[in-house]
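Take a look at the structure below.
Going by the order they are written in, the chains are A, B, C and D; count residues from 1 in each one.
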């Protein structure tokens, strides 16, 4: 991982990303691209979307390459603020070299954790992972074999508040940007969720909105569905109702018992979660009114 | 179609199918295969399934080729009855030459009807279609261009009973075996449904059990799903809760408005319904406790 | 169709599209967006791609809404030419109201033709179709039932030159922009292909580059593949080697005989071809070095 | 793994499987099922297929549960031999408790190896893996962390014979039933392949028969395909021409560079290989004339 990280940061030292949401009107793209052109930035990738060309909401993601970006960071932020005010923009400017810091929460099912760490190790999931937190000790050895600290916080229904205090302290200490719930089987309190709004990514083991809540595979089996699914979404205070980032499905048949659905489901869960996390880390997602725009 | 029909019947004059459900126990397959062997029948395809090898329910579908089947029909039925009693079998014996008689019900959306009739015309959906019934006149020309009678029964919420009387009379007159609801937008009364139990196939325009009921695409759009679906199922008196026969899905994204979901959905709806109908016609489906075994 | 056409043209009377290919360098997007902003055009959708941010080739597709577009057409073309020269652009400006004119070529297999005409009739394939040309008379009734002229040009190996003379004359008379080979089973001469470079869309019944040439399903069966496919591509003078626009696949198994592969294949062929044609008509495709960029 | 293994063997101590290939004729199923019934065996799953009902080749796979199977093994083999002679059967009788012994061959790309070992550890790939052989030392630590011996045999073009001598000795010592080439980048000699006919499973990183041979992703990129694939097959002495077991695909687009194809491809490669290996281990595959029947 260390070499991958270094190479990536070197390769991306002049790479920036702009994510913008604002009321639609003519001239937005012109203003942004002039700003970038003025700083000698070359637009590498640009995607935009309007809910409605006549008076809707406008979204854009621009990835650019800008010589000497390091030295221009502050100036660019300041100058762009003027444009942003003019167009009432909600905006974020990311410098790709500054890696996101992710904490993974896990319980006893380790397939999603494994996939995340293997992708991380091979350099395909480019973030820093300062710690893994679990309410069970099972994953300890596996996590530590990657050189990542593992913290056992024995959270359960009865000690939710105290456990979250400890977790929040850890998250702050490690300056965490994004929390990945890799089949973490505890419900978070509303205070916790609000502290990390649009920054907690969950994987739900069903094709939402089918089978919200507990034991989705058992219920899928009982209903006799012919396709099962998994859904990655941002966590909000409505259980399994947050903005959907990604979904995928797999065909099953009458021979598949609940155990088979679970095994097949694991394969979808891990790939759906990893895709969602990568999009988040690549600043590809804008949340708008309980939906996601994924550029 | 006429030539396809004749060729098919000629090719299948010695072809039979056995569908059996019974309590599982050793010796079932031996008994059936001895019976078939005794009649010089060659097993062409055989599929079986047990809910649980120790004391569960056993299902089997056998397709066989039997010389001079025509002349043996009655004897075979009588003789098999003895075996069936011994093993407490629920069974059906079909002769492939005797085509199923299907009635199609449709409203204003014609894509499923079109697909069914085009498949029928090309000989890929091998059934007789003595009539199409609709509560709107829109499909008249199209249906009649295939030489199939079209009956306009203007059913709606207020005249349900009378409309169904007329429909039931038509179904009886034409000796209908199976009813295909090809986006027929009227709810059927429980009496109607019970008269054709496990013989009414519906297409619902969502990935059930998500979005049961009306306007599924609008609700899928509101929820921001990343995949839409369609579900074909047998109709029971619980709305959209009947045994699922087949489902399929299609990826969508944030750019897709409700209209786009509908357009994309049509492509899935028609193929899912056609697959389900073909499996029914090929006697591939056994219904068991609100689920389907599809062999 | 007529109503759909009228509504579409009314809805899109101010809608334009720019497609550009040029050497990559900073300032391109700024120049284009300033130009559009100057004409009070609002960018509705914009997609871009560079083969390589440092000195590669840059591609962009912009869809915009511009008040009084009708009256600005010529001025815009002239003014944009100045920008285009500066950046050495290869560019096209389309006005959405001006529908493309498509000719469909077909032989005996009609499933692709059917899908195209049904999509056209329902307003989902928004082009004008002034004629269908076939080397067999089979499709005549079906085509004419849509009010579209059908011309039987009995082309074969031996009369290729004369047949193409007649076809080219028809294409010119009807001012055809794009030719759709909907399972047209004749090879075109190089002269014909060059006359309509990047304007002839073919559907090949295999997952290219597997099974180039004749009888792909027979060869797929012989090889024992577990998945079959279809490929839509622009026609060049290298058989089945032109730029691929779209592909799709379907799972098969050992039970599927050649006939089953063909039946299953039809379903993919028709949907792949229709998607490719729609992207072409929506000006979503840029051809670059025997590949397509599909925005 | 140890606990999974023990539980599995306990659960399957009475479970057997019959795989049969023979000329088709009436009475085969009757003979087999009578034989099983006579031994009080209950048929759990049965699948059959004929290349042609009239005089073709007949294939069947039967999984059965038989009380005191342990004590009946020899008798059953002897008795079945009589039936087999009568019908000219090519047959195998497997006892599920007797696990297959697999050797994994790997080079530098470890994603397939990882997936295999993780599935093995979780009890989802139920075989014994007595050793992993590699021509590079890279996988040593990972393999040994599972308690599996790792042997570095530095095979290359120039020492093929000697390297294979060493490998064959290891395979014999460990009584290996099946060899899994998990992205093993050396070509095997014909002697080696013949020694393990229908027992060497390879993963090729393309959708065969497209891109046979070296560097398939580079060639897929050059051709501009819109879908990439992976193929698992039994190894024969015709490079990448052996019987295909399983294939899968993934959509790509013009943005994907060769490196992206490789990353995306890894996800398909590993899942396709694992599926193929599981089917082999579950005795689901019959090879017939360079094709597989997968029951």
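Simple rule for what comes next: contacts are C-beta pairs under 8 Å (C-beta built on N, C-alpha and C of every residue); 3 or more make two chains touch, one makes a residue touch a chain.
Since we're looking at a predicted model, the values are computed, not measured.
Chemist: Between A-D and C-D, flag the pair that has more C-beta pairs in contact.
Modeler: Higher C-beta contact count between the two pairs: C-D.
Chemist: Which chain's centre, taken as the mean of its Cα atoms, is farthest from the centre of subunit B?
Modeler: Greatest centre separation from subunit B goes to chain A.
Chemist: Taking each chain's centre as its mean C-alpha position, how far apart are subunit A and subunit D in Å?
Modeler: 37
Chemist: So, what's the distance in Å between the C-alpha centres of subunit D and subunit C?
Modeler: Taking the average C-alpha coordinate of subunit C and of subunit D, the gap between them is 43 Å.
Chemist: In subunit A, what residues contact two or more other chains?
Modeler: Residues 49 of subunit A each touch two or more of the other chains.
Chemist: Sort out for me which residues of subunit C touch subunit D in the complex.
Modeler: Listed in rising order, the residues of subunit C that touch subunit D are 49, 207-211, 223-227, 229, 243-249, 253-255, 290-294.
Chemist: Where on subunit C does subunit B make contact in their complex?
Modeler: 114, 118, 122, 124, 145, 263, 267, 271
Chemist: Give the list of subunit A residues in touch with subunit C in this complex.
Modeler: Per the stated touch rule, the residues are 24-30, 32-34, 36-37, 40-50, 53, 65.
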